[in-house]
Amino acid sequence: MTTPFKTIGLIGRQRKEDITDTLLALKHLLAQRKLATVVETETAGYLPKDKLPIYSRDELGKHCDLMIVVGGDGSLLNAARAAVNHQTPVLGINRGRLGFLTDIRPSELDNKVSEVLDGKFVEEKRFLLGIEIEQNNKAITQDIALNDVVLTPGDVAHMIEFATSIDNEFMLNQYADGLIVATPTGSTAYALSGGGPILHPSLAAIVMVPMFPHTLSARPIVISAASKITIEIASTNETAPRLSCDGQALVSVPPGARIHISKKPEQLRLIHPLDYKYFETLRAKLHWGTKLA
Amino acid sequence: MTTPFKTIGLIGRQRKEDITDTLLALKHLLAQRKLATVVETETAGYLPKDKLPIYSRDELGKHCDLMIVVGGDGSLLNAARAAVNHQTPVLGINRGRLGFLTDIRPSELDNKVSEVLDGKFVEEKRFLLGIEIEQNNKAITQDIALNDVVLTPGDVAHMIEFATSIDNEFMLNQYADGLIVATPTGSTAYALSGGGPILHPSLAAIVMVPMFPHTLSARPIVISAASKITIEIASTNETAPRLSCDGQALVSVPPGARIHISKKPEQLRLIHPLDYKYFETLRAKLHWGTKLA
Amino acid sequence: MTTPFKTIGLIGRQRKEDITDTLLALKHLLAQRKLATVVETETAGYLPKDKLPIYSRDELGKHCDLMIVVGGDGSLLNAARAAVNHQTPVLGINRGRLGFLTDIRPSELDNKVSEVLDGKFVEEKRFLLGIEIEQNNKAITQDIALNDVVLTPGDVAHMIEFATSIDNEFMLNQYADGLIVATPTGSTAYALSGGGPILHPSLAAIVMVPMFPHTLSARPIVISAASKITIEIASTNETAPRLSCDGQALVSVPPGARIHISKKPEQLRLIHPLDYKYFETLRAKLHWGTKLA
Amino acid sequence: MTTPFKTIGLIGRQRKEDITDTLLALKHLLAQRKLATVVETETAGYLPKDKLPIYSRDELGKHCDLMIVVGGDGSLLNAARAAVNHQTPVLGINRGRLGFLTDIRPSELDNKVSEVLDGKFVEEKRFLLGIEIEQNNKAITQDIALNDVVLTPGDVAHMIEFATSIDNEFMLNQYADGLIVATPTGSTAYALSGGGPILHPSLAAIVMVPMFPHTLSARPIVISAASKITIEIASTNETAPRLSCDGQALVSVPPGARIHISKKPEQLRLIHPLDYKYFETLRAKLHWGTKLA
């Protein structure tokens, strides 16, 4: 059987658990199948020196047909933000603990990755959010997010006052600790612990979850992913709130500035084994089998 | 200016507050404009006897080009379930207290209704859910809902055990007091007081809100309105739970039966004045202006 | 070592799982230790016929110094409501699944029950609520509750309008599906799935949890167990709501009637093994070890 | 009629709204009644220069029999932390917007303050929390809180891992954005917007509200105010979380350190007019009169 993928990129982030074994297993599997292998710079540091080509995270996607990410959902988020620019599909291998995005366990690596390389897989599209911060009619920052955009106070002791509009229609003024704007992919991450609903990944929708809102009748609101969100930081704020994308970047948003959030045209191509079932992952991650008594 | 509506149907339900004045004002306005007027049977009882044609709630929509509903959101829900069969557009006049669906106040009646009759209006589509209860492969009941489908115990002292599937993929077994399945229209009604998110009316999505779930990690979940939901009542339930559509009908669902829920092809044609703004209604209804301190 | 308990009462309710083995093991253990044993009527039916004295649930406590309950928390609730009248201490054995009140597992029965009979135990006091329904200045019903008092609609389609006062000071009018009034013991049962907080069992406090309240700013409120709660069912209600104590009794409360709730002077004497730890049970029951990812 | 208060201290914090008018009105009222008046340093700056004695916030309570605070609940919190050391009673005047603690409106000032000075008032006791941060068996910081103690990440992008014990019994390990520990007084402040219950002010209880907990089954827990809480910051945390008392101080808590929280022996003496009703304030502040529809 022929594979749709000729060159495979390896990328992974090491936290507490070691990912070297998994990377080596992948390297050998790819060598056996005579597939070209390229490696991301930091990832190469976890492997014994050899002659595999090395590329930066941002360049890797340009030089391969499939990126295999080793690590947790955080590692995949990190890699995905780079992969999406080159429209390179991404496959996630977890380090032993099931992730929402990394659904192949190390013990299944041989079988499941082989199947994918044989062309037996499902490709799922996950959309991303594009963020632009504008001040005095000038864009001062741009970023993207696969999970969520989170607005938090610059100084923990201050609430933020901000106004939200959807497609240029004013929605509300809020006085809160912050705001989470999440995709369906991010709806099972931070937004969920903030009381947000789960959005099925096939849904073209965005959820906005207020954080510790001063108004007790504030509720999470779900809008179309085709909508354009504008968040204006009231100029009455004494300190500049901060904005974080996928928990990674953190920029200051000056009072008076506006945050524009809208769906990016490019989507993440997420690869799953054929037997992948979203609700199975959901049940496992949320312990839905476990009854109270 | 010509009106797109030649014959107008009047319908309203009286609860505590009198609707006769509003009906009379409408009748005179329509007579002035030389528009044909027809009246629903119960509604005719609130008016002095005259020669206007009278039709049942289910027939009214067939004999008019626009139904004007006087009352609260409950009255509009009631009328809409009949209107949708004939694809008759519906306009709501509230009795002094703003509704999500009835957004013209009696004091604005002359101006706003005249504008609508002049053809100055926006038409919004709201989808409905079709419900079918199946037992032993036979459909035993069918119904529709504009707001929500609510599963509750037949006997308040018993929890219900049920299994939910989405597009034939098993989602979870639940042990709970019940389940609310709501459209965006219904997301600001009962589902909201049960902890569900607000769904923007333009969203093709359905929210499922578990009621007093035994599993503390159960959360509201939002799925595509194109999905087919199946709820199987476990045969272990000792009593038959009950199902209610828009808080109106209430049928028994025997243990072992399945409830199938999916979007109806016909949508409600909801008429608003030109200056209607969804978020304005939302802010007013949820008191979003009011801060805690 | 001498035992403080001369006569032991056995009581248990059988649901899905068999309790006969556990009852027999207890009977033999007590016979070995030459302790007098008496049995509750229904419980005697699960045992082979012999000459042990048999008493009704309500009489059992009068004829023994310790009641051993076999079953789940529901069985203990049931037995406790009878035991408290005679101030008989109660010990709970679960059927394999840890309960909040039944904390000895069948496998630990020999060791742990022997310890208790040897006088090595801790006695914990749990307070109960006394409930009186009053209409036209006459008491029409009285009941007690160890877990909770739950007000629900007589007909699932109707919300209830009611006014709550604490120590004769008006608190609020509510329009809701119902109200849960729970003791600390009941705070980890139904009230918890309704969004109520956990109250430590040593706390002399009562929590009131509104069910699906119409006002979005309604919140659970915790008051002193020394307070007297009065709930007046508005005479505007078209149907009579129902009241349930510990999920067992269910009485109708006519519109216009008042429900008086206050702490009973008699407390339940709950016996635990020496190594009992409340938070250990809490962690186990609420799966607090399990992280989201 | 004689007054129990011979010398009155004036204190107030100015935010957006001017408090000078209210301070002047008070000064004149006290002069008319020939009562000695002393003023806090910052507060004196809002008044025209005169010969009234001036004391620092911390000293003021020593030199008067009653402190009158002008401002919002924040101003009263600030003053109360100083007043409690001298056991000086405190009376709050709001700036036009009702507070939970400042319940006299400027328009009622003449009547209500006069009544209080005439000895017609109720005194309510509110307890405070004492906080001690310990590292390597040495106390490194001490503080007090009338409302709440809030643990937050030092860096917004990091969750905190911490272990909580109650009276030296281990409760749970948590992985969360933070934790709010609130008194009944603080239960209607920040803890409420985080999903905590309302605790009646007469209750000797403390509520612990996890902030964005990773475990979905985490819930607010209410414990006795007589309990000693210990929060141990796991040494695995890469950055030092921060602790804030009543939203005012903010100290760093090194990984490995322990936070000890317990009720202070001294209580705040809060003065109310005779017609003060807690639930009236609660209804007004939480807009409990306002129904959803």
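Here the chain labels run A, B, C and D in written order, and each chain numbers its own residues starting at 1.
Everything below uses one rule, namely that contacts are C-beta pairs under 8 Å (C-beta built on N, C-alpha and C of every residue); 3 or more make two chains touch, one makes a residue touch a chain.
Values in this document were obtained by computation on a predicted structure and should not be read as measured data.
**Q** Between chain pairs B-D and A-D, which one is joined by a greater number of C-beta pairs in contact?
**A** A-D
**Q** Shared numbers divided by all numbers used: is that above or below half for subunit B and subunit C, i.e. same or different?
**A** same
**Q** Need the CA-centroid distance for the pair subunit B / subunit D, whole Å please.
**A** Centres of subunit B and subunit D (C-alpha means) sit 46 Å apart.
**Q** Suppose each chain is reduced to the average of its Cα coordinates; what separation in Å results between subunit A and subunit D?
**A** For subunit A versus subunit D, the centre distance works out to 41 Å.
**Q** Which positions in subunit C are in touch with at least two other chains?
**A** Residues 192-193, 214, 216-217, 219, 286-287, 290, 292-293.
**Q** Within their complex, state which residues of subunit A touch subunit B.
**A** My answer: residues 166, 169-172, 175, 192, 196-200, 202-203, 205, 207, 214-224, 227, 277-279, 282-283, 286-288, 290-293.
**Q** If we count contacts the way the header does, which residues on subunit A are in touch with subunit D in the complex?
**A** 152-153, 156-157, 176-177, 190, 192-195, 211-214, 216, 242, 244, 247-248, 250, 286-287
**Q** Report the residues of subunit B in contact with subunit D in the complex, numbered from low to high.
**A** Residues 72-73, 97, 99-100, 192-193, 216-217, 219, 285-287, 290, 292-293 of subunit B touch subunit D in their complex.
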